[in-house]
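Could you have a look at this structure, given as structure tokens, before my questions?
Chain nomenclature is as follows: A, B and C, assigned in order of appearance, with residue numbering initiated at 1 for each chain independently.
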Amino acid sequence: MKTLRYFIGRLLIAVTMMVIGALAVFLVMKAAPGDPALAALGEQATPDAIAAFRAEHGLDAPLIEQFVSWLRDMIGGDFGRSLTIAGGESISKLIAGRLPNTIFVGLYAVLFATAISLVIGSVAALRRGKLSDTLATSVAAVGVSMPDFWLGYVLILLFALTLGWLPSYGFTSPFESLSGALVTGLLPALAISAPMAAVFARTLRTSLLENAQRDYVTVARSFGFSERFVFRHYVFRNSIIPYIVIIGLQIRYLLGGVVVVERVFGVPGVGSLMVDAAFARDYPVVQACTIVFLAIVLSVNLTVDVTCAALDPKRTQ
Amino acid sequence: MSNLLEVRGLQTTFQLRGGAIKVVEGVDFDVRSGEVLGLIGESGSGKTVTCMSILRLLPEHASVKADHLVFEGREIATLDESEFRGLRGRRMAMIFQDPVGSFNPVKTIGWHFRHVSRRVSDSRPELFRDRGAWKREAAALLRRVGIPHGKDILGSYPHQLSGGMLQRALVALVLQMRPALIVADEPTTNLDNIVEHQIVELFRGLKDEFQSSFIFITHDMSIAAKLCDRIAVMYAGQIVEVGRAEDVLNDPKHPYSQGLVRTATELAARVERLQEIPGELPNWRSMTGGCRFKPRCPHGRAGCESPQPMRRLTQGREVRCLQHEAS
Amino acid sequence: MTGLAITGILLFAILVVAHLMPYSPTEMSFTAVLKPPSWEHIFGTDSFGRDVFTRVLYGARISLLISVCGVALAMSIGTAIGMTAAYFGRLYDLVAMRFMDLLFSFPSFVLALFLMVILGFGVVNVMFAIALVYMPLFARLAHNMTLVVREEPYVQAARATGQPSIRLLLREILPNIAAPLMVQASIGVAFGIIIEAGLSFLGLGVQPPTPSLGVIMADGQEYFRRAPWVLTMSGLAVCFALLGLNLLGDGLRDLVDPRLRQRAE
């Protein structure tokens, strides 16, 4: 029961942040230089055409009214219409088509990052001070220092152009073909995950080493529990919470990586949509994409929060 | 009365960045079956390290050597790790100083009991005769150590219990395994006086009821007086006096023991000004070969600079001091 | 300490070696177009025959400058907000920090991208974008540390003697929280470079002909299949810079942490 209350509390906070965030995005967008009407109709548009455009898109109503109606539409799932890049297409349709791809690649990347870091982090901690530890830590240090899109290209160079194992461009939606998505999504996910994995591995290693020094480990060994048992139930189990917290915190950077990597690999996701819209000054689309990303981050934070609360008896009891 | 544990020539060295330090040196003592041996000394004298050395619980940079380490008739110094692990918990166990940090914070007390019971499933098959057997045993033990609502406690997490309760739970946990030797490391230091008194009473009751032998580590002479059959006094990594409790307490032979007893008596008598033992523990690195207590000893004389062996005064009574030549 | 060495080499390279190079970053040579790395051209040449290595050296200068300015801005404003919020407390604290949290909830790159759309492209705007992305981190850090330091005896003492708040903040509190902030700053510069590179790479940040590292990489992307070295090598330079900065940050953190703990005891 207490977990539920905690969850609801956090949910409310997340929703409030969403609304305020949306408001902030909306206001900032409005304050931006550049008239959307001109951007849509071109420099040569007549004042009449501009006025008509304005009226049609509700751009002449008072600000609060605009925001409220926009918010209402958004909750109803309607993000408005694209101004320039897709000429009047419903933005929600655009985003809906692309969101699954972004989420797929994102999750794929998180999976990779978690798997890689669990292995590297544990190995480094268990063989502390020995060669494998130094090697692992160095790899992690280098991994953190790589821009993901650059890594993407290196991977392309290696696996696609040189070895020809994987495609260098394009993405198959998971709805069309799951195996296709897994294959085409492999390199993008790997590119994004590498710097993340490095951070996770380092956090895990530090956490494991810290917990291995704790008194309860000595006590556990004094009971005669095996090293494996102690590692699993004492050291690892107590290290998992900061590890998950870090994963949650890094989502922000991960999503940033997604945006650029989508461009590099031609993944039709929300990130590449945002980039295209940015070039074309399609403000509503940029706005909508930003909000969507905000929503993703907030939901991930919520999930991480609740997971940690569930795993840590001190929080819920 | 046979010896449960015989220690001869125990030496523990810590490898630190500045060099190696012999924290425990030349320690000899016995623990007889069914007795409580008090290990007395101030902080830093090596009491805890000695016991942890015997149980092989020290970190990697510590190396332990002994001429002779016999437990239950077996030489255990030469056992490899997996064989030794069979002894830990089941035959010899330790109750640590800080109860709060001794439990796994993400697991319930019951979880601890369950796994500890599994450790002894062969020597105590009654614990698994049916599904709830170990739980009932655990609850009964908890009641015995002074926690009435044993069953509820089993479902609680460590952070929900007070220090005193955790200390008792830890005692119950160790008792569940019925080890032959239990080391209790200052079980009352982190607790307030009322609880301390209760724990001392608890131990007094336990030593008769369960046939374990205890090594009771403390720096408090008055507690030792209440509980221990024999006492070994440690100073700066060496044992300086050994004997029956009443002998050591009423007639301490080593200047250090004399100082300790005097302080304890003064405290009990609420004397206005405590007569301190002047000076401090020697710096590990600057210790010379001679008597380690010499800088603080009022009776120092020529000859104290040479290494002092333990001198036997009577059967079971030994002192490491030049003043008492062997008889 | 390796970090210091690497960063040192890097700085040396971009400041000194750049001038010693026989090529200029903009000098075009149509006879030497898209040549792979060789002894003459360590990183090869690009589609205009420009020596990539020289371009990278100059580009690194620009990218570093942008990032450092952005982070400096983030640090000043962020620390100011965080410190004052923690010190004065109440409504201001609540509002300011909640706002910082909100800012922090946006994915960094997305926020930067959003800002570029609003403000327009160009070097200065990239700086502002980096500053806004980093501000919440400094604010949070400064805030949390000020909360701790605020209760320390020497702060209470200064307060009792009637020191005006601003002075107190600057004289007593700031020096004691400076160290972790510097650690964060060095890591921030590393990420700032990534953000700048990403933005410019997409064409939404620094605009050509200004040769920031991202711009060079964007350039290299166009003919990646034919001449992969431009992008690869310029990216490698970015990695090198980042490695140096990250290690520097780690080294600083190791220096700072135990001292911090000692102070707390």
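Here is the rule we go by: a contact is a pair of C-beta atoms (placed from the backbone, for glycine too) under 8 Å apart; a residue touches a chain by one contact, two chains touch by 3 or more.
Just so it is clear, the structure is predicted and the values come from calculations on it, not from any experiment.
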Quick check on the contact network: minimum steps from chain A to chain C?
1
If every chain is reduced to the average of its C-alpha atoms, which one ends up farthest from chain A?
B
So how far apart, in whole Å, are chain A and chain C when each is placed at the average of its C-alpha atoms?
21
Distance from the CA centroid of chain B to that of chain C, rounded to the nearest Å?
56
At least two other chains touched by the same residue of chain B: list those residues.
none
Within the complex, chain C is touched by chain A residues 17, 20-21, 24-25, 28-29, 31-33, 141-142, 144-147, 149-150, 153-154, 156-157, 161, 251-257, 259-260, 263-264, 274-275, 278-279, 281, 283, 286, 289-290, 293-294, 296-298, 301
Flag every residue of chain A that touches chain B in the complex, lowest number first.
214-216, 218-226, 229, 233-234, 237-238, 311-314, 317
Touching chain A in the complex: which residues of chain B?
55, 57, 85-90, 93-94, 96, 98, 101-107, 115-116, 119, 157, 159-160, 173, 177
Provide the residue numbers of chain C that touch chain A in the complex, in ascending order.
101-102, 104-114, 116-120, 190-191, 194-195, 197-198, 201-204, 217, 221, 224-225, 228, 231-232, 235, 238-239, 242-243, 245-247, 250
